[in-house]
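Which chain is which? They are A, B and C, in the order written, and residues in each are numbered from 1.
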Amino acid sequence: MQKKSLKQHILIHTVLIALGLVFLLPLAWMVGTSLKTAVETGADPPTLLPATAQWQNYSDAISYGRDSVGYIPFFVYARNTLLFCILFVAGTVVSNSIVAYSFARLRWKGRDLAFAATLATMMIPFPVIMVPVFSLFVKMDWVGTFRPLWVPAWFGSAFSIFLLRQFFRTIPMELSEAAKLDGCSEWGIYSKVVMPLAKPAVAVVALFAFMAAWNDFLGPLVYLHSQDQFTLSLGLQFYRSQQLSQWHLLMAASTVVIAPVIVLFFFTQRLFIQGITATGLKG
Amino acid sequence: MTFRKTEARNGYLFAMPWFIGFGLFLAYPIIASVYFSFTEYSVLKPPIWVGTENYETLFADEVFWKTLGNTLFFAALYVPLATLLAFGLALLLNSKVRFMAVYRTVFFMPSLVPVVSLVILWMWLFNGEHGLINNALGWVGITGPGWLTDTAWSKPAIVFMSLWGVGNAMVIYLAGLQEVPQQLYEAADLDGATPWQKTKSVTIPLVSPVILFNVVMGIIGSLQIFTQPYVMSEDGSPSRSIYFYSMYLFDNAFKYHKMGYASAMAWIMFLVIFLLTLVALKFAEKRVHYEGG
Amino acid sequence: MVGRFVMPAVVLLVLGAFVVSERVVQEQHDDGKIHVTYWEKWTGIEFDAIKRVVDEYNRSQDKIHVDLLSVSGIHNKTLMATAAGVPPDVAGLFGPNIAQYFHDRAVIPLDEMCAEAGITRDDYIPIYWDICTFEGTLYALPATPASTALHYNTRLYKEAGFTKPPETIEEMDAYAVKLTKKDSNGDIVQAGFMHQEPGWWNWGWGFVFGGELWDGESKITCDSPDNVRAFTWLQDYSRKYGTSKLQNFKSGFGAFASPQNAFMSEKVAMVLQGGWMGNFISQFKPDLQWAAAPFPYPKDKPELKGRTFADLDILVIPRGAKHPKEAFEFIKFVQSQKGMEMLCLGQTKHSPLAKSSPEFYAKHPNPYIRLFTDMPKNDSVVSPPKIAIWPEYSSELRNAFDEIFIELKDPQTVLARVRTRMQPALDRYLREKALRQGE
């Protein structure tokens, strides 16, 4: 940004490295523990690193108790998480972009009022709607399926509508009008003109949706029945069931879980930050 | 004009998913929840109307007050600290120095750690006897408290743990900072402004809408804190010191099957959030700068 | 152009995800058998033991096939599934759950089917049959039971000069003093006895002094003199040894099922534990010198001698189950000596049946298995209260333990407050019940 003296550079790096170490420490602890033996995890005083790295912890963690029936099906959890994330992200992107298109680029009676109401719903805490939505899903006999987790995502959410609308408004109306003169339908303008230009904003909405699904604990806790359906966020609990505390395996499993996401973020962080910038949260 | 009519028709059509979603997953639940809050309801059988009894019981319920107090305490500590930390980090990460992608990833990473692992990691670090934090404090001659066993320290411990996940807010601040026009800094440089002066009189006013947005979202989010303390201790022990509002609400709804009571609790929560948001907006009225348009 | 294939690929991916996500929850079978769904709360070795019994049953005949599923938060999920009209045919619940199921009429009575099958109270250790009955009607049958006893470290006993376990609470308190060691900083390095290890029954110490948690009908009695006495007794430990010293000591304990377990690593000389403990010891610390004995009783209450805390896993048939007859056939198999002993051996617990076979005792890994089997036959035996508001009540009592033990609040005051909180909750429940019956 601004030109900086060498002194400032050094200062910034020092602060960032110091803070970074604090932020990294728990993660280092996680990776360190993932390579320990079960005995070492309870060592006193605690150690960051194991005497010898137990790489087999990783294969043990993802195939834990494979031979017995009560095993922890890591790959099943991973598959379920993936299913949930795909359906949730797809729903979020599709529904919200369509709705935001309407709010941003089409004129209809009551639009601004509806948009204000939409914004206001962001204030409604989840617990307010939790009970009735739950009893709704009970009546539909959807409890014990994935549907309660992802179907609502296909019907829009205030936060994503807001982000996308802000972005859609920055796309010049002339583009739409030109397309219309070429005989393009509204759907055509949305899918062929506006959406291709909105990639960064869509990426941001997709990232936030992904994180929400990835970290969702309450939803799976309430709606899913069996181990075969659990997602990673919930299933990891089993590595620390009351009688069997496999800390080293839990940490190995967690490392496996977050590694791909971290790599993904590392390579795309610039795009995301630009995407949020482009959506113009500034109002 | 037909042109306008078609556009309006398309407008309604495109907004339809949201109208349905709004009706099914917001409007209906909201109305139902208002109704449930005046009933005794266990999902198993139809609700029985009990008038305002749930609300009366609530106001006399010491656990309600305790969890509300715990939650407000958490929010009061967490929101300002998280704002400072996330904004400070964003300022640092917005400077043009090398390895920025690495730094950004480092600070964002904790938001990606699965909650169960995150909680267990912190339970180790906070362990009173041989946790790393108390060991480190020991090196400088301080005897650390039993973080998670002492009722006075368990809430600050949760705040500390939550601060580790400010990555999300940080990214939004970063985006806001990218929008501050370069020329303004250059002009300030010409005036011989110090970095602190530039931050105070250029950066903060220009990103104030983003700060407001994050603060409001922070208030809404922190008042609903659930997963971390729930995974740490379902009872909120020791002595319910980390028993938060959403946990008590969850227990009432899904453990005790008092859906009516839980609905009444949810509405009180909405009121609290509504009031605090109003206060934040009021406070921001004169301090937040919106550009024209 | 690659771009042309991106959209169709994404659409296919989402469709694929949808199809797979639907298949995950669908069971398909076309083997001509009647399929009985069985939800079970356990995971781990306990689940394995159940699975073996289910497999054995499925092999033993060719009409019924039991589909076993491990379900989390089973209490709640089964109630909800029952409300939605799609319950499993068999549910393996915890004993204390039965009260709420009974009140919500979520389970079907089993008396008739039991009479037909010739299953009677005489076949069981009475307490376990009684846990399954409500107002004279049977709503469940036993799965595995559990009884508790004092586990003590004989090596540390020898060191301190003790040759036999304490008879009374007063003796145990004196033992504990001698068995507690501190270092030069005054920090505890070995504890004689600790209430919070493992801390699973923190709500239940009243039983040791003969306290009852309710009168069985309509009154909460958690602040009765006996209960207050029990909580005062445990608070004395906190005062005597130092609350923060005990808390700090406890936070150094390793995981329960590991050699670092507080009892196995000889950090605590005496603990209250169940019959499964022997199995964990032989697994993780086979050379530990230990023994088990009935938990001590207060000197002035000899009638409580040999009292144990008996808990039970139960099998129920939810109302609305599709195949109640077939479900009962399976439950009947579990009640047979063969099925039951297979299950209890697998979970290293004792059998709830009145008689156990010599092979069962011979094969059982716990050397004190006879003690655990005999204690529940004692008249002084107790089990968790069959009260519909138990989830709430037990949470309230666990918190009371914290306030009394950690915050050193006055037990009388704390327990009286629990009563004033829980009595209206119980009243409301009873009122609702009366209202529903009037309908």
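The criterion applied here is as follows: a residue touches a chain if its C-beta (ideal position, glycine included) is under 8 Å from a C-beta of that chain, and two chains touch if they have at least 3 such contacts.
Computed from a predicted structure; not experimentally measured.
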Arrangement of touching chains [line / ring / star / complete / other]: complete
Pair with more cross-chain C-beta pairs in contact, given A-B and B-C: A-B
Whole-Å gap separating chain B and chain C, where each centre is the average of the chain's CA atoms: 37
Distance from chain B to chain A - Cα centre to Cα centre, in angstrom: 16
Residues of chain A whose C-beta touches two or more other chains: 44, 138, 247
Per-residue overlap in chain B, given as positions that touch at least 2 other chains: 43, 129-131, 254
Residues of chain C touching at least two other chains: 73, 80, 83, 252
Chain B - residues contacting chain C, complex: 40, 42-45, 48, 57, 61-63, 127-131, 146, 148-151, 235, 237-240, 251, 254-257
Contact footprint of chain B on chain C as seen in their complex: 73, 76, 79-80, 82-83, 100, 104, 106, 244, 247-252, 389, 391-392, 395, 398-399, 402-403, 406-407, 417, 421, 424, 428, 432, 435-436
Contact footprint of chain A on chain B as seen in their complex: 4, 6-8, 10-15, 17-18, 20-22, 24-26, 28-30, 32-33, 36, 43, 89, 92-97, 101-118, 120-122, 124-125, 129-132, 135, 164, 168, 171-172, 174-176, 178-179, 182, 185-186, 189, 195, 198, 207, 209-210, 213, 217, 220, 223-224, 226-227, 230-231, 246, 249-250, 253-254, 259, 262-263, 265-267, 269-270, 273-274, 277, 290-291
Contact set on chain C toward chain A in their complex: 10, 13-14, 17-18, 20-22, 24-25, 39, 42-48, 51, 69-73, 77, 80-81, 83-86, 252, 254-260, 280
Chain B-touching residues of chain A, taken from the complex the two chains share: 1-4, 8-9, 12-13, 15-16, 19-20, 23-27, 29-30, 44-46, 95, 98-99, 101-103, 106-109, 111, 114, 118, 121-136, 138, 152, 154-157, 161, 186, 190, 211, 214-215, 217-218, 222, 232-233, 236-237, 239-240, 247, 250-251, 253-254, 257-258, 261-262, 265-266, 269-270, 272-277, 279-283
